[in-house]
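Quick one: structure below, then a few questions.
Chain IDs A, B and C follow the sequence of writing; residue 1 opens each chain.
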Amino acid sequence: MTDGAVYALETRDLSREFGGFFAVNGVNFRLARNSMHAVIGPNGAGKTTLFNLLTKFLPPSAGMILHDGQDVTRLSMPAMAKRSVVRSFQISAVFAGLTVRENIELALLREHGLAWNLLGRIAHHRRVLERADALLERFGLTDYAGTMAGSLSYGRKRVLELATTLALEPSVLLLDEPMAGLGHEDIGRVTQLIREAGKGRTVLLVEHNMNVVAELADTITVMVRGEVLAQGSYAEVSSRADVMAAYTGQAHE
Amino acid sequence: MSESLAVCDLQAWYGESKVLHGMDFSVRAGEVVTLLGRNGAGKTTTLKAIMGLLDKRSGSIALDGHELIGAAPYDIARKGIAFCPEERGIFASLSVRENLLLPPKVAAGGMTVAQILTLFPNLKERLDSQGTKLSGGEQQMLALGRILHTGARILLLDEPTEGLAPMIIRQIGRTITELKALGFTILLVEQNVGFAAGLADRHYIMELGRVVEEIPGAAFEGRLGALKSYLGL
Amino acid sequence: MTTILGVPSAVLYGQLLLGLINGAFYAMLSLGLAVIFGMMNIVNFAHGAQYMIGAMGAWLLLNYLGVGYWWALILAPLIVGAISIVIEVLLLRRLYKLDHLYGMLLTFGLALMVQGAFSNWFGSSGQPYTIPQALMGGRNLGFMFLPNYRAWVIVTSVVICLGTWYVIERTKLGAYLRAATENPMLVQAFGIRVPRMITLTYGAGVALAALAGVLAAPVYQVSPLMGADLLIVVFAVVVIGGMGSIMGAIVTGFLVGIVEGLTKAFYPEASTTVVFVVMAVVLLIRPAGLFGSKLEAAQGQPQSGLSATAPSMRTQTLIFLALACCLAAAPLVVYPGFMMKAMIFALFACAFNLVAGYGRLVSFGHSMFLGSAGYVCGHAAKIWGLSPELAILAGTATAAMLGLVTGWLAIRRSGIYFAMVTLAFAQMVYFVALQARFTGGEDGLQAVPRGMLFGLIDLSQPANLYGFVLVIFLGGFFLIMRLVGSPFGRVLKAISDHDVRAQSLGFETNRYKLVAFVLSAALAGLAGSTKAIVSQLASLTDVHWSMSGEVLLMTFLGGVGTLYGPLVGAFIVVAMQNYLAAFGQWVTVIHGLIFVLCVLAFRRGIVGELIELWHRLRRTPPAASAALREVVVAPQE
């Protein structure tokens, strides 16, 4: 806290306990504005827990979370979304009973002041329709606009979730394992989408696929056993022996 | 040596989504074999498919020539296969002792409680505490100890080192070596390559629900580079 | 004579004893419910009926076979347990992978069938059952007289409760049960036959209810409906205690009994409602219940399911106009009284469907809105002399207010808990209506004047009345149609699909749910008010839980989550009541049977299945809507 810089997200001594076990243990984490930041670490390192704490999916046991320098530790998930901090989910979260277009339109409702419109029709709001069209086009979903989201392939659900999330134009985008369960072709496409999405906004991703992390992230935080082990660029982090040891389990003390 | 577990063209689904696309591999009696691969490759699913814990599976899983593909999980367990899940599966509403004694005996020759406690002395003083009040390492020991008691000879271990400190990892490594010496057959799922290297007779590398390469234990060091690229390290 | 806080001590002790007896039954029943729920995730709505069969069984054994109390104490639970095992194997087993509400609906149907059948055979009046010879008489404890049988009931139930607790918490069998409650898959992987264990657990839980029934036979009157009202109190006990713990169920059961007893001694008017007040307070302070460890998962599991794209606006308008014409012309061929009744119930069902179908909040207490609005409207028209439109407004506003308060408390829980909480609140409203002076108690509010609408239109003219009901129905239906198609309706549907995701997009989901609930309550109130004017009567029938059951039936039969489903369902159910009236209580049995068939065979309901068929014929992807979508296990690794 000596540099006085304000971070998009910052945690101070953040901890989360599950029945005596500290999944996240006194983590001081900083997400610089306009960075593309990845959190990595072996299974069980506490990445997902940290992510869930940052996105208010879980309340912390101790510590503080700041957004743009303001304490947001006690805020709810919707409140964070209203502050333009939006997350995606590891298991693709789409509204299965709505069509692809309806999914995207949903994200646009609040911004256009329509969420509490009880009697109107979305079809009467041209601006929403146009923006939805543009998003469908941009994410290659135009041909699926009328398809029920629940019947999309796994990869397409991922893309739809990303499109829905980006429809909110978030200033901070939090992605929970965006490549989980995707095939090779999809990984390339989603990587490209994330890179584009990252322009002009802050992105934090938890990801296992090191190729993707190396390609996308400018900053990497390595977590092990609930604590931050290392932080830096891919080259810095991957050259550290303790990081490799944490991954491969090879003796290193 | 006879083939203890022979898996042929195994396909499996979670609900609608297909996760295993034709797995072929085998584990011979007394061997330690690992399944390696990155997250989402289908390693855990393979173990669950062998135990019959998925909605749908097809292909063949033969245990000493007996087909298991249509059998219910409890019958598969009764045939002498024990499963130690990734999340360890310690029951919060059971004491350590109850957790330890929960799996019923499926065959003669299981370890006695005394033997298990010699293997994992840490558990001795904690027998009456609540199962989930143990540390991560102790929970892993309990999860392992629990299936040694049953008399099962084939152990399916899903990432026993996950989230554990190096010292505990070494202890678990020693335990697996001891178990091998005692004649157990072990199918191990690991992300921790270094841990797996020291233990296994053979390795299978998995990608997208298939086995893409088989590496004998001796050739492991030489293939480490290729392996790391497979695992995306 | 000594008094304690102004109450004679004998009265106080007497009421405490009575409270303990009631508490003993609450404890035994909620214990069984908790064990069954833990293993099967099913709220056994048949629990009250099974308790009743236990008591009736003892009575039948005595009167028809000459088998006495002691043998009945063993035989009745065994027989009822055996029957329930058959039910589990044949019916319940099919539901484990579905939404938990289906289990509740199916067992509700079973309860209706059993209670209806017994009412037919034995009448609904109570039968006395004599206390066995060995337990007659009593003893004087100095401060009070203790009848031996009551002492026996308390001691036996404590022993049974503690015995059950011991088996579950301290034995190997209990360890299997606890482990299977936490993680049935893993327990199977250890070689334990979990399905068989589930069957036996259901049998044992139900046997416990039957045993309680036999114990209760000499205390209360034995009657086919003795379990129905009791069960609702037990649900409240379960919400108060939380489903998590066995000891919690036992302690809460006795506690609630004692609290009731004390209330009866100090403030008798509140004794029937106090348990529901306690429930409301617990929901406010500790939503998970006194002994509950955590709330049910916040619906994190994605719901897979497909729903039909809404037809275009033009098609919708055309259908609506066609409907309006049909209904306007109907009195030419159909008896207008039937049409009006059906339209009122259709509005009620459509209002219910707004939350149950589009919001996925299945309320088991919607009768409270229908009934309370009816009373207020009737009172306003009859006593205050308000014109019908103002009386209806008053009734509707009352229902909306009631919806605001109960909804605010109930949406803290979801799924089956939401169902139980709403049911309990409705029961509280029922008791208030039963006791309050202005409702006319058992007789109801009679001779409600129809009056002059806006001071101009005489509603006592049949044609005027019909037109009035038609306009209200069409207006209400049109409103619901617009709501469902509006941005708000879209948000509501999204929330029911994936609550957490909607939150992450910035929607405060509970506010949307609450608004939907209040709107639904208000529209149900509109139906209830209109009903009071049309039938010139507001009665207890409309606030009774069986009315909540009827609206559930209409909606599920017609197709939950479809626009026209509740309408179709309401017309069918009302027609059944009209044309099958001669069959008396058998109608209840048929209702129950329809529930069971709906849950097992056509969960989409009539309209839902038709939409599905239409899509299949047109070879478009299958796409019928079912509000309670079938849960698909999410991939995990």
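Keep this in mind: contacts are C-beta pairs under 8 Å (C-beta built on N, C-alpha and C of every residue); 3 or more make two chains touch, one makes a residue touch a chain.
Listed by chain with UniProt protein names: A, B = ABC transporter ATP-binding protein; C = Branched-chain amino acid ABC transporter permease.
This one's a predicted model, so the numbers in the text were calculated from it and none came from an experiment.
Seen from the C-alpha centroid of subunit A, the farthest chain centroid is that of C.
When every chain is represented by the mean of its C-alpha atoms, the one lying closest to the mean of all protein C-alpha atoms is C.
Between the CA-based centres of subunit B and subunit C the separation comes to 46 Å, rounded to the whole angstrom. A separation of 41 Å divides the Cα centre of subunit A from that of subunit C. One simple way to say how far apart two chains are is to compare their mean CA positions; for subunit A and subunit B this gives 32 Å. Subunit B has residues 17, 39-40, 92 in contact with two or more other chains.
Across the assembly, subunit C contributes residues 304, 634-636 that each touch 2 or more other chains.
Within subunit A, the positions touching two or more other chains are listed as 181. Residues 17, 38-40, 86, 92, 132-133, 135-136, 159, 161-166, 169, 191-195, 208, 232-233 of subunit B are the ones that touch subunit A when the two sit in their complex. Contacts from subunit C toward subunit A in the complex involve residues 302-307, 309, 313, 479, 482-483, 485-488, 490-491, 493-494, 496-498, 500-509, 621, 623, 625, 629, 634-636.
Interface of subunit C with subunit B (complex): residues 172, 175-176, 178-179, 181-183, 185-194, 304, 632-637. On the subunit A side of its complex with subunit C, the touching residues are 55, 57, 76-78, 81-82, 86-87, 89, 91-99, 102-103, 105-107, 109-110, 114-123, 146-148, 150-151, 164-165, 168, 181. By the touch criterion given at the top, residues 14-17, 19, 39-40, 42-45, 51-53, 55, 72-74, 76-78, 82-83, 85, 89, 91-94, 98, 101-104, 106, 147, 150 of subunit B touch subunit C in their complex.
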